[in-house]
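Here chain A shows up in two complexes: once beside chain B, once beside chain C.
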Partner chain A sequence: MDSLYVAWRYVTWNRGKTLVLIASITLVAFLPLALQTLLNESERQLRTRALDTPLLLGAAGSALDLVMSSLYFDDEVPARIDMRAPAVIDESGLAYPLPLYVRFMARGAPIVGTTLDYFDFRGLQLAQGRLFGLLGEAVIGAEVSMRLGIGVGDSLVSSPDNLFDIAGVYPLKMTVAGVLADSHSPDDRAVFVDVKTAWVIEGLGHGHQDLARTADSSVILRQDAGTVTANARLVQYTEITPENIDSFHFHGSAADYPLTALLVVPDDDKAAARLRGRFIDDSRYQLVRPNTVIDGLMESIFRIKQVIDAVIVIVAIATLLTIVLVFALSLRIRREELETIFRIGCSRMTTVRLLAAEILIIVTVSAVLCAGLLWLIHINSAALVQGLILR
Partner chain B sequence: MGTATREKMISIQTLGFSYPGAGFRLQVPALSVASGEKLAVIGPSGSGKTTLLNLIAGISVPDAGQVQVGETTVSQLGDAARRSFRITNIGFVFQNFQLLDYLSVLDNVLHPYRISSALTLNRPVRQRALELLDQMGIAGLQSHPAHALSQGEQQRAAICRALLPQPALILADEATGNLDPDNKQLILDMLFARVDDNGATLLAVTHDHELLPRFDRVQDFADFRGASS
Partner chain C sequence: MSVECHGRLFRISVIQWIVWGLLLCGCMSAVAADRLVVYSVNYPLAYFAERIGGGHVEVHFPAPAAVDPAFWMPDADTVAGYQGADLILLNGAGYAKWIERVSLPRRKLVDTSRGLAGSYITVTEGVTHQHGPDGDHAHAGTAFTTWLDFNQAAQQAGEIAAALSRQRPERAAAFNENLQRLQEELLQLDSRMQALAAAQPGLPLLASHPVYQYMARRYGLQLRSVTWEPEVQPDDSSWRELQSMLVRQASHWMLWEGNPRMETRKGLERLGVQTVLFRPAMNRPATGDFMTVMRANIEALTVAFDAPD
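This part shows the complex of A and B:
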């Protein structure tokens, strides 16, 4: 204990050196372990979500983009499919489709256009309010509610597609109908709307003043038999209210309306296999098993992690050598002190014990710090992964 | 250790020592110091005074002759035994005090007890340390870091450290060399008083001839000059 006491006095006296050593050892130990913890949690979340999603239909192209957009609402928007795709699945009689249109954002949160079946499929619970029932209503994830400080009855405006495209998509002011309970999944940070609302945001559907009843003739560009053409002065609604909801309508063929993916829920494994067989050589669509795509992703992540591990090992060796150098230099600096205690009569073993006690204190403090930081990472790993990795 | 007042505390015979690769060779034909005696050792720099202290303390081992301290022939002990003997029987006072900056004054005084299993740190020892600090006039500085003390105060703390294990022999290597004249006399007074209190023997290397009359005897290294080369 006396060696520990003397060593403690020494390390606390030399605070600067001690702090640098503790920080170095802590970081070298903490970084790979924290990385491993976060990767494990990422893998768990990715796999859980992927395993919960049997099949995914999207446009032919990158399977990873399709999965990342449809399951994790990644920024990368995959090539679009249209409303003929659900019909194809319906007609197969092997599965039912859940449409997804994930393209727009609202104050940093992805807007997910879907149907009410999505909430049942994901097992999502409401913390407040109700699910969307009207055009222009939204249900927000728990994290969106907390981050933006909004709840039921508040409104949320979709972000313009392109700030410089004044002829592009108009922002739509949506009313929050409900807030989801925390699910520790990407759903926490999404804004859910009916797919038709997403099409309104896209500009495929819109509401405006009634040209047949308007008293302002300046908005009329041309009037033929049965057809009225308005000019740019026509007031278009940017918020859907009970007063104007009837004015909202869609143009074009419904079959052409876009989707980014279909969550495909097969009746059973056999139906899934048959369905996959039908899309193997399809040039328009790809039907993927998200878990298989995530397997490939995890293999890539694992390879990257191996490289990072190798770098960390090299850094750890360099740090260790630096620490050895610091102690070696410290011994030179302390030669007079060691000479003094030798002359007093201190044994060689005591000298070793004093140095060992100093190392023990530094390593112990580093270990405690590292354990504390890892504990913080561990208890926050789900949120950290959501915020840092799967964002 | 010898206990009779005028028994020999140090007995040296035909002592020879040289550092490996160095031309210098210390030779002391004979030297004896009585128990309780205060001996000053003088001589020019490089004449081997500090080497003699090291040989007496068992820090170095002679290549000829022998050194006896009390009943123990130090030069015949093994390394571990010499260290153990030194910490329990010999108190060292150094010219530059050699206190540890990272310890308080009290911790410096108690340091020999913390670095050796031959000494046991307990409540009476702590009490004695506090008494020593009080006798040396630095009790109020016990929790101060050593570096915050003046030179005179540091040497007083160093003397307390040397005296705390109640050694029979005190070796002082130019203990007043770094002190101003007033402090020299004061420190010497205190050292002599504590040595007398403990009934210890003092062997002090010094360059300061003004202090010599205060010692019982003076050994001039010039007397060994014919032997040293």
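This part shows the complex of A and C:
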């Protein structure tokens, strides 16, 4: 007990040295354990989302881009498919499709164009308001609501597609109809709209004054018997309101409207296998199992982690050698002090006990600190993974 | 028997009635919970669903009586009603443009004319006009009164029965039985129309509104349309347009969606044109149902075909 007291007095007197030693040991222990915790959590989240999504249909190309865009709303936009794809799935009679159009952003949050069936499929619950009902309405994730400080009845403007394209699509002011409850998934940081609203943002649908009845002839470029052609002066509505919603319409064939992916929900495993068989040699589409794609991604991540682990082992060895050196030098500096302890009648074992007590105190404090930090990481791992890794 | 014994029997009887009442309420609420909630975009489909589903479905057609459901725009609460339905019956063929402006769950949508898509009639001319409390509209695009071809109506009813059966497979037999009865009645209407048209093939007819395209195609009617509204007095240019049509080909009968104004009727009579009320029944009729309206339509048309040319 006396040895611990004397050792405690020594480490508190030499604060600088003690703090450096505690910080070194804490970091060496904490880093690999924290990395492992975060990787485990990211793997859990990636796999859960992937396992919850039976099949994904997209344009032929990178399967990883398709999965990352459709499941985690990654910035990378995969090649597009069109509205003929849902009809292909419907006609198979083996599954039902959920359209996804993930291309635009609103104040840093991805805009996910989909249908109401998506909320049922993901089991998402509303914290406030209702699901989108009219064109131009949005439902926002819990994190978006918290980060931007907006709720039901507030507005959200879509970001321009390209800052340098002055003739590009107009930003659309969307009304928040509902806020989702926290789901600890990428849905928390997304803005959900009807896929038709996403097409309005794209410019495929729009609303404007009635050209057949306008008194402003300056907006008319040409007028034939049955056709009125407007010029660029015609102002399109940038917000959909009950007053102008009737003027919104879509141009072109609905079959040509774009999607980035289809979430395909087969009736059963047999239907999934039959459906996959149909798309094996398809040159336009790829039908992937997100779980398989994520397996490949995790293999790559774990290969990288093995390299990081090796680096950490080397750093740990270097740190331990440094600590041994610090203690060895410390013994040399403290030679006179230890000699005095011996001369006043203490045994050599007392000196050893004193040094052991000092090491015990430093290691114990480091262990407590490390455990505290790991606990913080553990309880915030879902949010940290969302914010740092799967963003 | 003592008074006390009577009292005891009375109490037991009251308790029995309460128990029976509770059981009955329980059964009724269980039946109500089992009923499919079906929303429709027009009256003919709502009628078909009611006939096929019987007591197993709860059919809603929320368009107000005064509006044309094809050009109506429901409010957010009504859209929420559609969103909460088990099935949403669409007519297809571009009917009810409001569907483009709202969010409906894709899995619940039933396009009843899906099988007819290859034979839709494309309408090239489209005069913008207005009737009822709704905004202006034009009929350019696809002709959408598919059910006025009663053979097509029978196919649409078949789609509804199939959708109901998918939702409630245990009731499929009852749905199919009801469907057969409905289809028989629709095909009887079809036969009557065919027989009627065969009486005077090529009889030139006029229509006050371009809504009879499928009927004309199915029954071989020689039908030309103007774009007049029953409640609106045609202007001079409309009369001139009609006169030039009559010059090109004489016609003595004009089909109307609703009773025209007296002035319109008299103006037509001066041109030798009689009016025939042939209601498409897009909205729920004030009296009767789809079948009674269609039978009355055929009766009215019989006058034209029975008259000497």
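Assume the second predicted complex is superposed on the first by the 391 of 391 C-alpha atoms of A that agree within 3 Å, B and C clash if a C-alpha of one lies under 4 Å from a C-alpha of the other, contacts with A are read in each partner's own complex, and residues count from 1 in each chain.
Everything below uses one rule, namely that a residue touches a chain if its C-beta (ideal position, glycine included) is under 8 Å from a C-beta of that chain, and two chains touch if they have at least 3 such contacts.
Note that the coordinates shown come from a computational prediction; the quantities given were computed from them, not determined experimentally.
A.B. asks: Which partner does A:196 contact after superposing on A: first (chain B), second (chain C), both, neither?
C.D. replies: second
A.B. asks: Identify which of chain B and chain C touches the larger number of residues of chain A.
C.D. replies: C
A.B. asks: Per the definitions at the top, what is the overlap between the chain A residues touching chain B and those touching chain C?
C.D. replies: Shared contact residues on chain A: none.
A.B. asks: Can you check the complex and tell me which residues of chain A touch chain C?
C.D. replies: 86, 96, 98-99, 115-117, 120, 130-135, 137, 194, 196, 205, 210, 212-213, 226, 242, 245-246, 248-250
A.B. asks: Help me check something: in the complex, which residues belonging to chain C touch chain A?
C.D. replies: 73, 75-76, 79-80, 83, 97, 100-107, 125-126, 128, 135-136
A.B. asks: Show which residues of chain A lie in contact with chain B when the two form their complex.
C.D. replies: Listed in rising order, the residues are 2-3, 5-6, 9-10, 12-14, 336-337, 340-348, 350, 354.
A.B. asks: Which residues, counting only chain B, touch chain A once they are in their complex?
C.D. replies: Going through chain B, the ones touching chain A are 54, 57, 59, 79-80, 83-88, 90, 92, 94, 98, 100-103, 107, 111-118, 121, 161.
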